[in-house]
Each structure stands twice: as structure tokens, then as C-alpha cells.
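Please find one structure pasted underneath; my questions will follow.
A, B, C and D label the chains in the order they appear, each numbered from 1.
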Amino acid sequence: MSFSFGSIFRVTIFGESHGKTIGAVVDGCPAGLQICEDEIQAELDRRRPGQPLSTSRREQDSVRIMSGTFNGRSNGGPIAMAIDNTDADSSWYDANRFKPRPGHADYTAYVKYRGFNDYRGGGFFSGRLTACMVMGGAVAKKLLSLSGIKVLAHVVQIGDIQVDSRLIDDGQIEENAVLSPVRCADRGKSDQMVAELKRVSGANDSVGGAIECRVLNLPVGVGAPIFDSLESIISHGIFSIPAVKAVEFGSGFKLSGMKGSEANDAFYIKGGKVAAVTNNSGGILGGISDGMPLLFRVGVKPTPSIGAVQRTVDLRRMGNAELQIEGRHDPCVAPRAVPVVEAITSISVADVMLRSGCRFERLADNGE
Amino acid sequence: MSFSFGSIFRVTIFGESHGKTIGAVVDGCPAGLQICEDEIQAELDRRRPGQPLSTSRREQDSVRIMSGTFNGRSNGGPIAMAIDNTDADSSWYDANRFKPRPGHADYTAYVKYRGFNDYRGGGFFSGRLTACMVMGGAVAKKLLSLSGIKVLAHVVQIGDIQVDSRLIDDGQIEENAVLSPVRCADRGKSDQMVAELKRVSGANDSVGGAIECRVLNLPVGVGAPIFDSLESIISHGIFSIPAVKAVEFGSGFKLSGMKGSEANDAFYIKGGKVAAVTNNSGGILGGISDGMPLLFRVGVKPTPSIGAVQRTVDLRRMGNAELQIEGRHDPCVAPRAVPVVEAITSISVADVMLRSGCRFERLADNGE
Amino acid sequence: MSFSFGSIFRVTIFGESHGKTIGAVVDGCPAGLQICEDEIQAELDRRRPGQPLSTSRREQDSVRIMSGTFNGRSNGGPIAMAIDNTDADSSWYDANRFKPRPGHADYTAYVKYRGFNDYRGGGFFSGRLTACMVMGGAVAKKLLSLSGIKVLAHVVQIGDIQVDSRLIDDGQIEENAVLSPVRCADRGKSDQMVAELKRVSGANDSVGGAIECRVLNLPVGVGAPIFDSLESIISHGIFSIPAVKAVEFGSGFKLSGMKGSEANDAFYIKGGKVAAVTNNSGGILGGISDGMPLLFRVGVKPTPSIGAVQRTVDLRRMGNAELQIEGRHDPCVAPRAVPVVEAITSISVADVMLRSGCRFERLADNGE
Amino acid sequence: MSFSFGSIFRVTIFGESHGKTIGAVVDGCPAGLQICEDEIQAELDRRRPGQPLSTSRREQDSVRIMSGTFNGRSNGGPIAMAIDNTDADSSWYDANRFKPRPGHADYTAYVKYRGFNDYRGGGFFSGRLTACMVMGGAVAKKLLSLSGIKVLAHVVQIGDIQVDSRLIDDGQIEENAVLSPVRCADRGKSDQMVAELKRVSGANDSVGGAIECRVLNLPVGVGAPIFDSLESIISHGIFSIPAVKAVEFGSGFKLSGMKGSEANDAFYIKGGKVAAVTNNSGGILGGISDGMPLLFRVGVKPTPSIGAVQRTVDLRRMGNAELQIEGRHDPCVAPRAVPVVEAITSISVADVMLRSGCRFERLADNGE
């Protein structure tokens, strides 16, 4: 089940970095959703930040829908989507297959799959598979939009440069982050981040980052207690994104140092509805949405592929070795992970809502 | 499925804070595991730190095994365990049922369950249900011990007092954390934490904390890529523990500010085996164990039940209101959450290993 | 997952024939359903047909609800129910544990569980566990009744005595089958079946039977294609009842000999709605309900426990052996299986409806 | 989850009759299995019996592997396979879309999907999707062959012509059924069946049939009790094949009329191993394999598409109507369903074995 996520709305992904085709199958999308290749392509295109910040590999990423739509709408069956990989040069990987790259899954994959894994470009451990997540997420995002739900992610940290996200309003994310080559909503910080990435890249190094994600307009009462808590479901999905090593909701780890009297979000009546004065809980109480913006932060490790010579081992002769990775790689994963975080979050929320019996009433009633 | 966790090794929990009985059913434990009520009771007892740091409610927590064992060993069927609740005074909850306690699930539960939820003591949102997790975890822990796998959690932060866990070796956790009333492996810090809890408690307040968990002796190759990554499975479980709002693996959020050249854990040969110089990845690469200690950190919010008067709303008349919570409550959840984190981690790891075809060979071969 | 059934509405059962306690946990029942111990007990009592047709073992089967209800209604959490077993004499099983009873699971359990299984009374393979199915089914049945859905099973065959169920209308099942000691809706046939059971029992033998089940008032459009077809879900559950070896929907195996022109159920308009002239499909087309009564038939093998001496083997010395089973056993399983078939069918249908987003609107809106 | 089957070894299928592409994704196949497009193609080709018995639609069914293999072996990731549909003429379906074909899912799909379903050729309810099952099954079959397990299905009934399968030995199935245009192991009966199909076809009608399936060399102890019984898992899968309306294991419905003394399969020692004198249980006791051939029978309804004029309704004007289906259709589904039954059975058994921790040891140890 390793390549499937979701229960009622379930996304299955497939493919390898240097394989023939990558893709996603969305099972459980209600019938009647308007969705077309262009919309999915638009999300995919967001995974490609402007050069020279990103990998030089030219991903065409031209998606085709293989099944599941009819007359421009979901037909109730599985929506299968695919992208054909363009030919990749695997010679470096062939030459170095017994030297696991530090920070990558090469070593663990070699052990788990007894040497049968596709080692070229990391096989199915490659960030390339996040394109499949984005395909599935595009469908979920469109579905959520019918209920006015917005999922907005943006970069809040690259290396030492941090944005105080409390100063960023939702509109800024929608307007600025999209234009920023590093997907940062603060223009000044965005420029600093771009400069930092150039510096790091020039030093044959890479750097980590952090992403914040907000889910807006989620109704109160979405989610479930204990093992199906919103935190459980969302973190499950988010930690499946390669390079993610940390997730915190609301004030997250800051809560470890806070007092209850500070941390509790007091309720009050605002415009006839229940609201909270603060949002330390990130919009989730008892695993269930409380009407405040759902908010979480994702920590991303530095791109493990760096140009510098690194220590490693040779698995065949079981001795120490050195390794120098060729090719150009993104100096930071965070900007490209923004649409992936949105995709996984959209899938999670769509699934949770469908499980709770949500019918997305604005789906047209009649396909005739 | 909200109260079930795991796929092959699956734990289902039930009960409410003021209900009749709470319990757990473990389905999928291999036959032949020696397990008895005393062992489960011993884990449950660890949830009760010494007075006066903990809630005054006397939990007898005397567990009985209802099914699943025969002649002191698991028989291959579901192991059902239960604890009868002692009578609790629900009058405060009856009087305040329309005033949701800030930081608790009262409001979200009221909306989701349309007023039918058991509001007494938080119902099934109560920390009381973590006792059920511990019951299930006791079985998993015993199973893992057959392969020499140890799961060790300890408190590394309460409020401002932090322990640098890199200075704590595994032995210290096993020896000191067990004895510390706050489950902290550093004796000096433990004393400071105790003092802090008294201060906080005296001020009718509470405080947050953090727990580190280590899984030792996990073989290389346990886990799976993408949606079944160790991080995905473990975080899914850990975020189901009430009060947990943050989880990070290895160097976690610190990685956001690091360079790739620092963060990559270089491989080398140590005693004929592959090892890593550092462990920034927390023992997990590509979702799969790499032979280093699996390591993660859990952020716990302050106990939301505090003695001070708090702002809230009255859901029946939809107006602002005030609320003062009665009774004594743990000033910090972290110490009691230590065995719960171990339990959930044990369940996660046992399930992942069984899914990968691990047979726990040291189970006796023959029940005759 | 062997002891859990259902996806959104999920029932987990536990216990052994001679164990301490048997029970069921229902996770996923919507909040607000009126349900009490008496209603569950009433279903359990239906499993006990009048003496002398049934086993002499006195099952008290007095159910207690451990969790999940509050003020007489489901509270949204897991509904855990239990029955304590009364002391059973296990001496015959101790003496014969290495001689597997033909037609029972003794041999396969011995191999699968490497001798650690609870062999007393068949352990968790015992028909005793169908009481747990009935507990879970009682909740599902009550839920379905809110939408006017009725689940009616009745015995249509015992040995050579068969009832042509096309001659039995729904009212007869509700009125007659309940009173018949063999749960047969045809009074004359019921008397013949009773006589046959006495004959068979007197000859130290047993006999097989068949049960028909009808689901009435199911809306059109319930179910799903392919792997979640109503036939797939229902048969999955029904084949989990010990002794069931055959399931057919609508005209079932008769369709193998029919022409398409006979088998196709022609549509027509009846009272402004779509109806079908015949019901060879058993109310299911493409895995989805078509508005006709859902209809299936279940074949039950003869009780394997018979008084006659039987050939078997001795597993310890791996030689041929003989075996004579002691105690009294039901000469036919079918009558007692009637409420079990209803229970499993109710669970299946409730789960399928909840998965499709059904909200059972007649659940009261407000628990205050 | 409607288009996914299996838990550890999971097959997801997609596509529609007149859609662009159909396919299957196999997640959970162990790494190292030799599998190539030719082997999958060979299974697909078995779905196409010789003309003139089959539909005139030319299915090229040329499969391509999109992911999951590397150097001719499974790489541990999802194996995605696809077949592009050739252009189909949908004009008849466009003209008749509001007149549901009797015996088809047109009406139930129209209601469930509110008119958004792809009505052309039955959309994803079409028998066309059984090709996807066969793709997934080809992988499972190959995996099982590593343990010497064979899955053999053959036609035992078409209309009135029946084969007594007890007279057919395994070798005959392997030799004769493959050559028979109707997949029948008895040559004489095969000729009669061919003649019957011609007669039926000439009369613009169709006819039902039955298939027997045997699983040989299954080790003792495969399967699980209650809800994961072999009968539960296999029937779940088999009933997902369109047109299947009945499944019975071993002596099936015949057991309803038998005595326990006849039905019980007596054990004895044969060549140092436990064997059974008869096989009324179909090789399954308590849901677990007992070492005898696993045996079940599948009832298939007549092809609902017949040339004669049929009564139906017009869903738009809600009145009675008539319908005449154009095009040529298989007069009997059974022959083409033979490889589909084998496929689903193979998937079921592979999944059950992997869940029990089977490692298929003959997978090569080393991919280097």
C-alpha cells in the first residue's frame, strides 16, 4: 500500500526517475467534477521554479488523462493520469551504483530490495514522484474549491533567512508567493533567498528550508478523534514527501515552552459565530477542525545531492569510498515542494471530508 | 477507523473518560508470544508518575485480559484487554456542558457529533484513552523485544528547561528516566523540572514539554517508501496522542537552516558493516531504517485544563462566557506521555515489520 | 485484520469458545442512534432456538455495553460490547488435542499457529464467535431501520426438505420464521424440518441447510462497481460465518443454465418509478442496488461435530486414529445462523451506505 | 477503494470501455520477480477465444509496462501496465443513453453517478475492465509459480451442457482447456458447447455458464479465520467480475442436503503427511488451506447484451420503451472469464500469502 494514500478518496502513484512513465490514479472522486488536462498541467508547472534556481533537467511533464473523465467531468471511476519521461542519461548511476549517496535512499533501498531496485536517479525514491502527487492533488484541490476551501503553501525559510508568517496575510500568499521564484510571500525575503540560493549553489552546496501551509474556509467539525485526527492524516501524507523531516501544527514546538494560560485559544462570539482569539492549535482541536485557519509548518532538509566530494562506502567490496555527484540539482527543495505540500494537503482534506459524508453539493446534479 | 491503528498488527481502542470500561483489542499478534496481565500492568503503571505532580484522580487501571492468550502465550487471535473505570463525579461537566473548555475538543466534538458526544471528562477525547494505547503497545513492545529492539522515550523539555539529548546515552535513559518523576534522564534537569511543575501548578497554570524517542537495534531495511515511510506511519500514530502538536525526525527543523554538506550523514565501514558518521536523518532514509538509531522528537502542548478563569462561549445562548475548571490536573502532560509515545512507536514498528514479512523467529516453534 | 469487517462502519470481534469473555467493538456508528443492551440482547436471544433442537450448552449470553453510548444513544465513539463466558469443561479437548476433528479447523489451526492456538471448543474458530457478529449487527440493523431498511433471513432448506422461497412473501418471514424453531417461514415445512432434525440427531448425525436473506427498501444506487460491489462486500462477510460454503445472488447458479432472454430483468414504469418485471439479478446490477429486493442464498454445511466414531490422525505420532466427539451439538447450524446472516448483511449494508455518504437523516439532530 | 483489491499485494485498475486507455497498477510485488510484457500479453491473449464464438470487436490489447520493472525484474515499486483502446463507435450508445439495457448497470450507474457516468459501452462496468484484472493477475500468477502453486480454471457448464468436474484431472485442464475454444477440459462436451453457442447466437440470444477453479500445491496453513478466510477473500474478488452471481467452495450447495457423516472429510496419513479422504470442504477449513486442492465453482449469468428487442424504460421521459442492442456480443461470458477467474484467484492467494509473511524464497537473492 506504500504507493497509495487515502481511504475514500485514494491516490495511487507509480513510476521511477529514469523509468518510462510516471503517473497517478485517483479512485473515489465524486462524479461531476469539472477537471481537464490543462488544470492538472497548471499545477504541475508550479513545480518548476524559474531557472537558474532549479535543476537543469528539462522535465516536459506534459500530462495526459488516461481515464476517469467524460465530457470534461469526472465520471465516478478512477482518474488515471500519466507523464512520459524523456530519456535520461543513467551512465553516472550505472558507474556508481554500489556507492550509496549520503542523504539519499540508495543504501536502504539496496538492502530492502536485495539489489533489485532501480538505482538510476533514485528510482521511485526520487523527488520526481512528487509530480504524481501533484497530479492527484490537482483533482482534490479542484474538488475542495467547490466548497470554497483554499489550500495555500509558501516558503517561510531558506537557510538562515526566515519569514515571520504571522505578518503574512492570506492575500499576500496568493499574490506574491506565486510570483516569487522561491515561492516566498515576502518580497524582500524572497530576494534574499534567491541570493542565498545562488551563493549556496556556487559553493557546490545545498540548503534546507521550511514551508507553511494554510487551509482556509474549512467548516467546523471536519476530522476525527485519535487515529484519524487531522494531524495524523495530514502528517502521514506530508512525511511521504521526500526530504520532509519535521511537521508542526499551530504553534508547534513553541508550545513546549509555553504556559497553558498563553497557549489556550480562548473562544468568543464573532458575528454570531464561535471564533478563537488566538490560533495556537492551528485550527485543530481533538483532531477536528475548529473553524480557524488550519495551519502547519513543514521542515525540509537540504538537497542531499551536492557537488562536493563526499565520503561513502562501496557496497560490493564493503570498503570506504569517495563519491562526487554529477549534474545540476536544486540547491533547495523547498520552493518546488510548495505545490506538493498543497497537493498532499488537498488529498488529505478531501478524503477526510468524504469519509465524514460530505457530498460537495455544488457538483452539478445532472450530467445529462 | 478512527479508533484503529495498524494494518497487519492492528490495535483498536475504546472507552470514555467517565464511561464504564476502557480497553484495547490487538489483532494480528503472532501466536506464541509470552504475555501476561502483569506485563501489561507494568506498562500502565508507568503512566502514573509520583504525586504531587500528577492528577489527583485515582486511576486503579487494573487490567484484565479478556481473550487472545492461552497458557500464558498469544494464541493467534485478538488480544482484548479492559480496565473498568471507577465512578467519577460528572457534576461539573453537567453544569458546564455548553461552555467549551479552551484547548480541549469540547467545541469541535459538540459540532461534529451534534451534541450527542459524551462531554463528561472529555469523553473519548480524554487523555484517559492513552491507557488503551499503552495496553496495545505493551504487546507490541514485548514482540519487538524478541528481536532485541528497544523503544526508549524520555522527557527532554518542560517549559524553559531543556535537555541536550545528544549528551544522553541510551543507558542513562533506561536507568534514570524510569526513576525520575518527570521521566527525564538528566538528574539535575529532572530536579529543575520538578520544581518548575510545582511553581506552575501553584500558579493555577500548566506548561508544555517535549519527548524524545529512540528505537534501538532496528535492522536495516525496515519500512517502505512514500506513503508507508517510517516517518509517515510513526507520525500518524504519534499525532493521535492528545496534546501532541509537533513531530520531527533526526535533526528535524534544525535541518531547515543547515547546508547539505553538514546535513548529509556520510557512510563508512565500521566493524565490517555500513555505519553513518552522524545521524541527522534520525535513522531513516527514504522512509526505511538505515541501521542508525531511529530518533524523533515530540512536542506536547501545555495541559489545557488550568485553574484560572478563562474566556469562552455559551453554545446554547451563543454568547460570551467565563469558565473556571475544577479539580486537579497534571501541570504537564509530557511525563505521562512517555510510555504512550513508546507504546505507539512499538505498535508502528511491529506493524511495519510484520508487513515486510518479518517472522520474529524467536517465537517458540511449538506450543505443545 | 482478520477479526475486523467494514471500512467506515467497522466491527471488530474477539474471544474464544472456552475463553473468559467474547465481544465486539463497533467503530464508526454515527452519533445519536438510540441503542441499548436490551435491543442487542434481543438479537442475541434469536441465536438460541428452542430445545431440544439446539446444543445443550447453556449460553447465558448476557451482553453488557462497555463504551460508546451516552444517555441511551450512540456517542460517536466505539461501541464495545461483551459477554462473559460461563465455565466450560475442556477435559475432552485436552484429551484429544492432537486428534483434529474432521470438518473443523483443528488441523489447519494447529499448523498455522504452530500449536499455540486455543484448541478448547475450537477456540476462535468456534460458532460461539457468531454471537459477536450478532452484537455488531444489532447496531447496524438499528441504524438501517432509520431509513426503513429491513434485513430478513429465513431457513429455506434443511437436508432434503426445501422451501420454494418464491412462494414466501416478506410478511410471512417476519411473522412465521420468528416463531418457527428452525426459523422457516413455511409452517408445514418447518414441522418437517423439526422432525428431520430429531431423526438426524437420534442417528448421531447432522445435516446441512440453506438460508435466504432479503434486504428490503434499499434505495437505488447503493453500492459500487468492481471490487466494492454489493456482492463482493456481502459475500466477504457471509463467508466469514463458520460453516458457510456457498453464496448466490438472485437466481444464482440457476443462471448458468438460463438464456439471456429469460435472465434479463426487463424494466418498466410502475407508479412513476423504474421497476423490473423479474428479479433474477437479486436487486443488484453492476454491484449497485437497483431498487428491487436484494436477495441472496447461503449454503451451510452439516455441523461437523457428530456423535459417530470418525477417522482422523494423531498429529503427535503422525499416525491414523479414531475419534468420538462427546457432548451434544446442534444437528443443523442453519437455524442459529439466521440472525448471524442478518447481522453480517446489516453491517455490510450500513458500511456501504456510510461510504457513499449516506447520513441517516433521521438520527436526531440534537443531543442536548 | 472500489477499483483496488488486496492489502499487501494490491491491484488498482482503471479505464472505460470506450475511453482512452485501460490499465492496472500492482503495488506490493516483492522485488526480483522476472516479469515481462510478453508474459502479461500471453495471459491477455487467453481472454480472446477463437471466432466466431466471441465478440467481433477487435481488441488489440497490446500491453505496455509503464513502471515497476528494471532489467526484466520487478524493482519493488508499483508495476503499472496499460493498453490503449482503439477507437470505438459510440453512436448507438449516444442514441440510446436514456434507455438502460436490461441486465446491465446502465440504470444503477445513471442513478449513482447522477448522469455523469460514461455510458458508452457500459463505461467502467464493461467486461473490458477484466483485461485489467488479467494484467494484475499475470504478475500474481508468476509470483505464485515460484512456490510451485498453480491456478487452473476451466468451463464446466454452458447452458444445459455440464461437465462432472470430478472426472477431470488436473492434467486434462492444463492440456485440453487451453485448446478448447470454450475452455472446457472435456473434448466431447467442448464440442457440444461450441454447437450450443452457435445455436444460441443464431437465435439472437445468449446463455449462462459455470467455471471451476483449482489452486494446486498451496501449502497447509495459508489463510486466516473469520473475516480474512480464504473463502471471504476469494469470493470478494470473484464477485467483482461482471456477470458472476454465485460462488461455492468444495461441494458448495450440495452440502445443504448432505449429512455430517458424509460431508466431513476424514483425515488419514498418506506418505507421512496428513491428507483427507474426500474434499467436500474444497481444501479450506476454518478459512485456512488444509493441503487438499483449493476448489471452487463460479456461476456466470448469460451475457445481457442480446439481439432481440427488449422492454425497458426511457429515463428522461419516465415512460416504457423498447430497445434493440446492436453489434455482436459473446453468446456466453464463461470462456473469456476463465483467465479472469485465474487472475483474481492468483491475486487473492498472493496477497494472503504475503500477509502471512511468506517470502517467496525463490526470488533471487541478489539483483547485482
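Everything below uses one rule, namely that a contact is a pair of C-beta atoms (placed from the backbone, for glycine too) under 8 Å apart; a residue touches a chain by one contact, two chains touch by 3 or more.
A quick note: this is a predicted structure, and the numbers were derived from the prediction, not measured.
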Each chain counted as touching chain A and chain B at once: C, D
Starting at chain B, fewest touch steps before arriving at chain D: 1
Centroid-based (C-alpha) most distant chain relative to chain A: C
Distance from the mean Cα position of chain D to that of chain C, given in whole angstrom: 27
Inter-centroid spacing, chain C versus chain A (mean Cα positions, whole Å): 45
Interchain centroid distance [CA atoms averaged], chain B/chain C, Å: 38
Chain A residues counted as touching two or more neighbouring chains: 1-4, 7-8, 13, 77, 109, 112, 124, 225
Footprint of chain B on chain D - complex, ascending: 7-8, 77, 225, 354-355, 357-359
In the complex with chain A, residue positions of chain B that touch it: 1-5, 7, 13, 100, 102-105, 107-109, 111-112, 124-125, 129, 157, 159-160, 200, 205-210, 220-221, 223-229, 231-233, 235-237, 239-240, 242, 244-253, 255-269, 272, 274, 276-277, 280-282, 285-290, 299-306, 308, 310-313, 315, 318-320, 356
Of all residues in chain C, those that touch chain B in their complex: 1-4, 7-8, 10, 12-16, 19-23, 25, 27-28, 31-32, 64-68, 70, 73-80, 82, 98, 109, 112-118, 123-124, 316, 363-368
